[in-house]
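Working notes for the structure below.
Chain nomenclature is as follows: A, B, C and D, assigned in order of appearance, with residue numbering initiated at 1 for each chain independently.
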Amino acid sequence: MTETPEHLKRLRRDLHRHPEPAWREFYTTARILEEIERIGVDEVFVGPDALATNARAGVPDDDLARWRERASEAGVDEATLDRLDGGQTGAIAVLKRGDGPTVGLRVDIDALPRTESSDPDHRPVAEGFRPEHDDAMHACGHDAHATIGVGVLEAIADSDFEGTLKLIFQPAEEVIGGGHAIAESGHLDDIDALLAIHIGLDYPTGEIVAGIEGMFAVSNFRAEFAGESAHAGGHPDHGHNAVQAMTTAVGNLYAIPRHTDGATRINAGDVGGGSASNVIPESAYIDGEVRGGTTELREYMRERAETVIGAAAEMHDCEASVEWGAQAPSADPDPELRRLVYDVAGTVDGVASRRERGELGGSEDATYLMRRVQEHGGQATFVGIGTDHPGGHHTATFDVDETSIGIGVDVLTDAILAIGEQKA
Amino acid sequence: MTETPEHLKRLRRDLHRHPEPAWREFYTTARILEEIERIGVDEVFVGPDALATNARAGVPDDDLARWRERASEAGVDEATLDRLDGGQTGAIAVLKRGDGPTVGLRVDIDALPRTESSDPDHRPVAEGFRPEHDDAMHACGHDAHATIGVGVLEAIADSDFEGTLKLIFQPAEEVIGGGHAIAESGHLDDIDALLAIHIGLDYPTGEIVAGIEGMFAVSNFRAEFAGESAHAGGHPDHGHNAVQAMTTAVGNLYAIPRHTDGATRINAGDVGGGSASNVIPESAYIDGEVRGGTTELREYMRERAETVIGAAAEMHDCEASVEWGAQAPSADPDPELRRLVYDVAGTVDGVASRRERGELGGSEDATYLMRRVQEHGGQATFVGIGTDHPGGHHTATFDVDETSIGIGVDVLTDAILAIGEQKA
Amino acid sequence: MTETPEHLKRLRRDLHRHPEPAWREFYTTARILEEIERIGVDEVFVGPDALATNARAGVPDDDLARWRERASEAGVDEATLDRLDGGQTGAIAVLKRGDGPTVGLRVDIDALPRTESSDPDHRPVAEGFRPEHDDAMHACGHDAHATIGVGVLEAIADSDFEGTLKLIFQPAEEVIGGGHAIAESGHLDDIDALLAIHIGLDYPTGEIVAGIEGMFAVSNFRAEFAGESAHAGGHPDHGHNAVQAMTTAVGNLYAIPRHTDGATRINAGDVGGGSASNVIPESAYIDGEVRGGTTELREYMRERAETVIGAAAEMHDCEASVEWGAQAPSADPDPELRRLVYDVAGTVDGVASRRERGELGGSEDATYLMRRVQEHGGQATFVGIGTDHPGGHHTATFDVDETSIGIGVDVLTDAILAIGEQKA
Amino acid sequence: MTETPEHLKRLRRDLHRHPEPAWREFYTTARILEEIERIGVDEVFVGPDALATNARAGVPDDDLARWRERASEAGVDEATLDRLDGGQTGAIAVLKRGDGPTVGLRVDIDALPRTESSDPDHRPVAEGFRPEHDDAMHACGHDAHATIGVGVLEAIADSDFEGTLKLIFQPAEEVIGGGHAIAESGHLDDIDALLAIHIGLDYPTGEIVAGIEGMFAVSNFRAEFAGESAHAGGHPDHGHNAVQAMTTAVGNLYAIPRHTDGATRINAGDVGGGSASNVIPESAYIDGEVRGGTTELREYMRERAETVIGAAAEMHDCEASVEWGAQAPSADPDPELRRLVYDVAGTVDGVASRRERGELGGSEDATYLMRRVQEHGGQATFVGIGTDHPGGHHTATFDVDETSIGIGVDVLTDAILAIGEQKA
C-alpha cells in the first residue's frame, strides 16, 4: 500500500462527521459492524458480549437516549441499536486462520464532548466533514484509530496469516471507562501478543514509535459541594456559598505541591455552580482528574485533592462529596515485541523514521489490556503512529494527516504477519 | 373581603404550576389576559404595546422557542403567542371611570430559573401545584403578585371608583429587565399615584408596610474568560486555563473591600467553565451582580469588579470580557402617598399590624417606574404585603400564605379608592 | 483663647517627635506628668494606680525594654520609669474644686507602629518635628489629644469651676488595650459626665461634632499556622506549607459574606511566614481584626473568621490557633450631654460649624469608659474636634492643623464649666 | 583512617556552634584560616582575592555589621575581619606539589537563617554544640563540608601527591550567591579535575555517590507590593491592600501549571506584609524561588511568576516589582571522572555501598564551578557522601553522623591521589 485507500478515507471522514463520546458510540459501532460484515470474519462480539458490563466506568446516567436517537436518525437500524442498549457499545471481530498465535489489536473509537473549530481553513470544515452538532468532536484521532483497525482487519483477512486475530474496537477510552471492561471480558486471556495504538502525539507523519511508555496512572473524580441558597441582596449571610467553596478548592488543587519522586498532574476540567445572579449558590461541582508518573504519585494527588476539597467546603459551611471514577494503572511495553515492531517498521514504505521508545505524558486505559495480557503470559506494546496534526490533541483544531492511516495499516499488518511467522 | 376568594387561589396555583422566567412569561401573560377579558376593561396593551421594546434588558438569545412551545402545549392559542413574539411579554389593563386621578398599580409576573423543592411536606407538592418541570419556580411570590393585580382590577371594576386605573403586569423583574421598558413606554407619564408591591420580605401575614425604602442600586454582569485548551496530562503548560482565571476572580470578587459609605453586595451567582476532566479549560464564565445602597456604591463595586476580572484573566494568560446587563437605580417612597396607604391599612380586616416604613435590602426595578412617575409630577410608594413564608425568598421551599392575597387585594383596593376620593 | 498657645504647640510637637505605641508610652507619660506638675493638681494617679493592671490587653511580650531605654536616653529619669514598669503607662490627674459634679475628660496618648512620611513637604519634616526613629508615628492625632487634655486641665485649674475634674490620659487605645483597664480602675464610678474626644475624622478645622455614634464593636486576633519545613527543591511534598495555609485564609477572610443587618469589617493587617526562599515555610501568622456595627455583627465575623482559618490550615495539613485579643463594645452618647456640648460649641470663637451627631465608622475603646459611666448613672458623649488633615488617619502623611488644638481646649473647657453650672 | 579524628569532630562542632548565613561567614572563614595555617600551604587567597567581588549575589544590605561584631566577640581578630570586609568571605588554599595535574575540591561553608531544634534529644543540644543564637543553623551540613575540606587538605599535605591541589572554601551557597563569584575569580581556569561534594541527601552513612546529576536550575526572587494604607474600620475602601495582592499572588504561584518537559519547583519561602491590625496594609513582599530541571524550565517558571505577581498587584490596585537575585545553571558530571571516584570508593574502608549516579532534586551553585572547569577543558563531578541524618535537610533537627566525615576525607583524598597518578 503506498497510499491510504479511498474507502478508508471515506470511512474516517464519516466517523469524524459523527463523533460520539464515551458509551454513546452507537453510530460508530454500527458503522464498524457494517465494515466487519463487508470484510467477513469468523466471529463478532458486540456490546455486552464484548465487554464485562459491570466493569464499565463513566457510563452517563441520562444522556444515552438522545445519542441513540441521533444514531437512529442517521440511519442505524433499531435491531443494531438494541444490541448496544444502555450504552454497551464497541465490538470485537475475530479471524481464525489456522494454528498460529493469537494476536490482539486494540483500537479505541470514542470522541470528546467538545466543539470543533468552525474556521473555514480547518480541513474538516473546508472539505465538508465537520460534525453537524457542536457537542462532540474527534479531537484525539480515534476516528483514525477505528479506521486503521478496519484496514488491518481487511488486510489480514486477505493475507495468508496463520493464527487468530482479535480486532478490539474499544469504547470509552477518553473517560478511562472501557479498558477495564474489555480486560475483564475474558477475550484477552489467550492473546499471545497485543498491539495497542495511538496516532499523533506530536510525532510527524512517517514516524513510528515501537513502544510508548511513561503512561500516567490516572483517576477521575467528581466533587460536589452542597450549600444553601439565599437572596444575594437581602440576605447575603444566610446562605452557604457553594461557589466560594468550589473556587477556593480549584485554586488550591492546582497548588498541591509538586512531588519529589516524579511527575504529577491535576486538572479541574469542568466546573460549575449556582443558578442565578441574584441567588447565593447552593451547589457546585468539579469534574477533574489527577495523574501520577506512578500509581503512588497518583495516590498522593488523590489524598491531597480530597483534603483540599473537604477543607474548602468546611471553610464555607458546605458539604462536599468526592466520587472517584474511572482510573487506569501504568503498563510498560515488552521489549521483545517492541523490537519486532521496530524492525518491521523499517521495512514499510512511507515510514521515514522510527523510534524504539517514546514517552506518552498522558494516560491510556490500554494499560488495563496490556497488563491483562502480560499477566496471562502474553506480550504487549503500545505503538505510536506519527501524524502531522495542526492543533494539539483535545483542541478545537486537531486533525490528522490521512496519509498516516495507510502507513499505520501497513506497519500493523506487517507486524501481525511477522508475529504469525515468528510464533509459528 | 374576609378571605381570599377561591377563584384567586386557583389562579395563583395555576400560575405557580406554570412558572416562566424573565421574558418567557407566555403562559402567564395569556392567563392574565383571560382574566382581564373576564373582568372587562376599557383598554388592554399587550407585549410590544405595553413596553418600549428596545429598553428591555436580559432578553435571552435562544431560549424563547422552547418556552413558547411549552405554553402552546399548555393550551395557549397561537394568536396570543404571536402577540408576545420574541419574548415581548406582559400587559397593561386600563379602567377609565370618570374624571378622577390616574392611579397605577404595578405587579411583576416572572419566575426564577431554579428547581422547586420536591419535599412531600412542601405545600405545592402536598396540594398538587408544584410545577411539572424542574427549570423554573415561583420562588419570590410573583404568582401572588399577578393574582393580587387581577383581584384589585376586579374589585375596582365593580366599585364606584372615579378616575383611571392602569394595572401594569410587568415581566422580567428578576433580571431587572422589564422595569426600564415599562418606564419608557409612555404609559406612566400621566399617572398621579403609583403603587408597586411585594409580598413577603420576612413580614408576617397580616402586616402591611406602607413604604419600603433602601432599595439597592444593582447591576448584573456576565464575565467571559477565553483561554486555550490543551491535553491536561500530556501538555499541562500548553493551555491557558480559563477556569483558573475564573476561580481566582471569584475569590477576589467576594473580597472587594467593604465601603466607608454604606452597604455593598457582590454575588457570583452562576459560574462554569471547561469541557472535560482531561482538557485544560479554554473557557469559563461568571453571571453575577453588584449592588450598592446608593448608585455611587454600586459604581464602586462595578469598577472594582472589572479590575478583578481583568487582572485574573491576565494572570492566567486569558482574555476576559465583561458585559454589564440590566441595572436599576434606587428610589424612595413619597411620604404623603405612603401615609395614605398606612392610614388605609388601619381600616382593613386582616391587617394585624402596619409599619409606615421598611427596608428592602434587595433591589427592584420598580424603582424605574417610581422615578418616572415622580419625574412627571406624580407620587409613588412601594408597599409590602406580609406573608408567612416557610423558606426564604429565592430558595427551594419558598411559598406564600394565600390568606395574604386577599389582604393585599383589600388594602390596595381601598388605597386606590382613597386616592380617587382624595384627588377628586 | 483665639489662638493655640505656643507652649501647647511645643508640647504637641515634642510628643509628635517621640511617638510610642501602646503600653510603651514611657516618654509620653513622663512628659504629661511634667505638665501636670507645672499646672498643679490635687491628686495624680500613675500607671498601676490609674488602671486595673490585669484588665490591660495587647501588652507586648518583649518589646518594652527597648522603649524604656529610649525614653531614658531622651531624658526621662529612672524613678519615673520605675513607676511605669512593665508598660503600666498613662495617668489620671484630679482637680477638686468644691461641691459640684464630677466631670471626666478622657484623652488617649499612644502612637502607631508605622513609619512617618519623609516627604520634605510633610509639615513635621519641614518644621523639624518628625520622629527620629522609623518605627512609630502619631498617625491618628493622639499627640493633639494629650495636648488638649493638658490645655483643658490648665484652663480649668485657672477657672472658677466648682466640682471635680478627672483628666484621664489613657494609654493603648490603638490596640483597644487600655480602655477596659481604665474602666475597671474604679476611678470612673463617681463621674457624672464623661467627655471623650477625637480629632479629625474628616471633619475640617472649626467643626465640632457634639456626639459621635456608630462606633464599631471590634475584636483583634492573632492566628498562627504551624506546618513543617522541608527543602523546597529536593522535597517539595514533604513539608506542610504554613504560608499556603495563611494566604488561603487571608483571601477567604476578606471574602466573608457581607451581612444583612449592617456593616462589618475585616482586616489582615500584619501577616508573615516562612524563613528562607528555599525552605517550605513551617510557620505563618495573621494579626488581624474584625468589626461589626453591633456586637452581634462582630460575633458573626469572629465565628466566620475562625472557620476560615481552621479550614485553611486543615487544607494544607497545618495546625492553626486563633487568639482573640483586645476588644471593645459599642456605646452611644447621651442626648442631654450631647446637646449641652452642641450648645456650648455655638458660643466658642473659631467654631465655624457644628453638628449634633456624627458617625465614627471605626472603633474606640472609649466605649468601655462610656458604658462604665452610664452603668453607674452618669452621662457620656464622644466629641469630634475637626481638623484639616492632609493624609488620612493611620497613613504616613497624617498631620493635624494645630489651630484645632486651641479650639478643642476652648470647647471642652466651656463644656466642663457649663456642666459644673448646670449640675450645681 | 578508620574513624573520624577527634580534631576534625571538634572543628565540625565548633563550626556548628557558630553558624553564619551567606556572606556573613566571618567566624567560619577565620576558623578555616587557622586550620590552613596549622597545616601549612603554599598559597592562600582570602575574601576579595578568592572571588570576583562584583559577581557575588545575595549580599545583605545591612546585616553584616552585626555578624562581624559577633565574630569579633567570639575571638576573631580585627586584622582578619578587615580582610573579609563587606562580607567578602571564603578562602582558597593551594598546595603545589610538583608537575602533576591541578585538582580542585570545592566545599561550601555557610549556614541557614533558621532556628535549630532545642529538643533535649537533638544531639547538638545533648552534647552541647547547639548555637547560642536562634538566628542561624547548620541545617544542611556545610559545617561537615568545611571540615572534610580541612581533613583532605591535611591528608594531601602529608601525602606524596604530585600536582596542585586547590581547596576552595566557598561562601554563600544557600543563597546561590557564591558559586558565580568563585567561578569568575580566575582560580578555576587551570583545574583539570574538580570535585564538589554534598553530605547526606538521604543517602545513609557508608554510601558514596560518584556523580550526582539532576541539579535544578534555580532563580531567587524578591517581589515587593506597594499599596496604600487606610484606617481599616473607618475607610476600608480607601487603601490599596498590598497583603491581598501578595496572598493572591502566593496562591497562584503555587498553582502555575506543571510542565510537559519535566520537573519544576516554586516556593514562597518568606513572606510578609502590613503593619498593624487596624491599618489596611500598604506594603508586602515575597522572597521566593523558582527551579527547573533545565534552564528552559526555570525560565518558564520565571515568566509565569512575573505574570502572576504583576496581575495580582493590578487586581488590588497596587504596584509590584520583582527583582531576580541569585541563580544557577545546571551541570552534569563527566563520566570518566565519575567512574574514577566510583572505583576509588570501592577501596575505602567504611564505604558500605556505592552508586555511580544519583539525583539531587535540588539546586547547587557548584554548577557554576563545574561548568567553568568544563568550559576550560577540565572535568568535574559532584560527589555525594552519605550520612544518617535524623531530620531532613533545612529542618530544625538536621544533624550529620560524624562517622561520615572521616569516610568523606578518605574517599576524596584517595580520589585526588588517583587523579594525580592517572594524569601523571
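To be clear about the criterion, a contact is a pair of C-beta atoms (placed from the backbone, for glycine too) under 8 Å apart; a residue touches a chain by one contact, two chains touch by 3 or more.
Keep in mind that what you see is a predicted model, and the values were worked out from it rather than measured.
K.L.:
Comparing B-C against B-D, which pair counts more contacting C-beta pairs?
P.N.:
B-D
K.L.:
Rounding to the nearest 5 degrees, give the angle of the rotation that lays the CA atoms of subunit A over those of subunit B.
P.N.:
Angle of the fitting rotation, subunit A to subunit B: 180 degrees.
K.L.:
Would you kindly tell me how far, in whole Å, the mean C-alpha position of subunit C lies from that of subunit B?
P.N.:
Centres of subunit B and subunit C (C-alpha means) sit 47 Å apart.
K.L.:
How many angstrom lie between the CA centroids of subunit B and subunit D, rounded to a whole number?
P.N.:
Once rounded, the distance between the two centres reads 67 Å.
K.L.:
Where in subunit A do residues touch two or more other chains at once?
P.N.:
234-236, 238, 241, 244, 248, 251-252, 254-255, 257-258, 260, 265, 280, 361
K.L.:
Going by the contact rule set out above, which residues of subunit D touch subunit C in the complex?
P.N.:
Per the stated touch rule, the residues are 112-114, 174-175, 201, 216, 218, 220-221, 228-236, 238, 241, 243-244, 246-248, 250-251, 254, 265, 267-282, 284, 287-289, 291, 360-363, 392-396.
K.L.:
Which part of subunit D faces subunit A closely enough to touch in the complex?
P.N.:
It is residues 251-252, 254-255, 257-258, 260, 262-266, 361 of subunit D that touch subunit A.
K.L.:
In their shared complex, at which residues does subunit A touch subunit C?
P.N.:
234-239, 241, 244, 248, 251-252, 255, 257-260, 280, 300, 307-308, 310-312, 314-317
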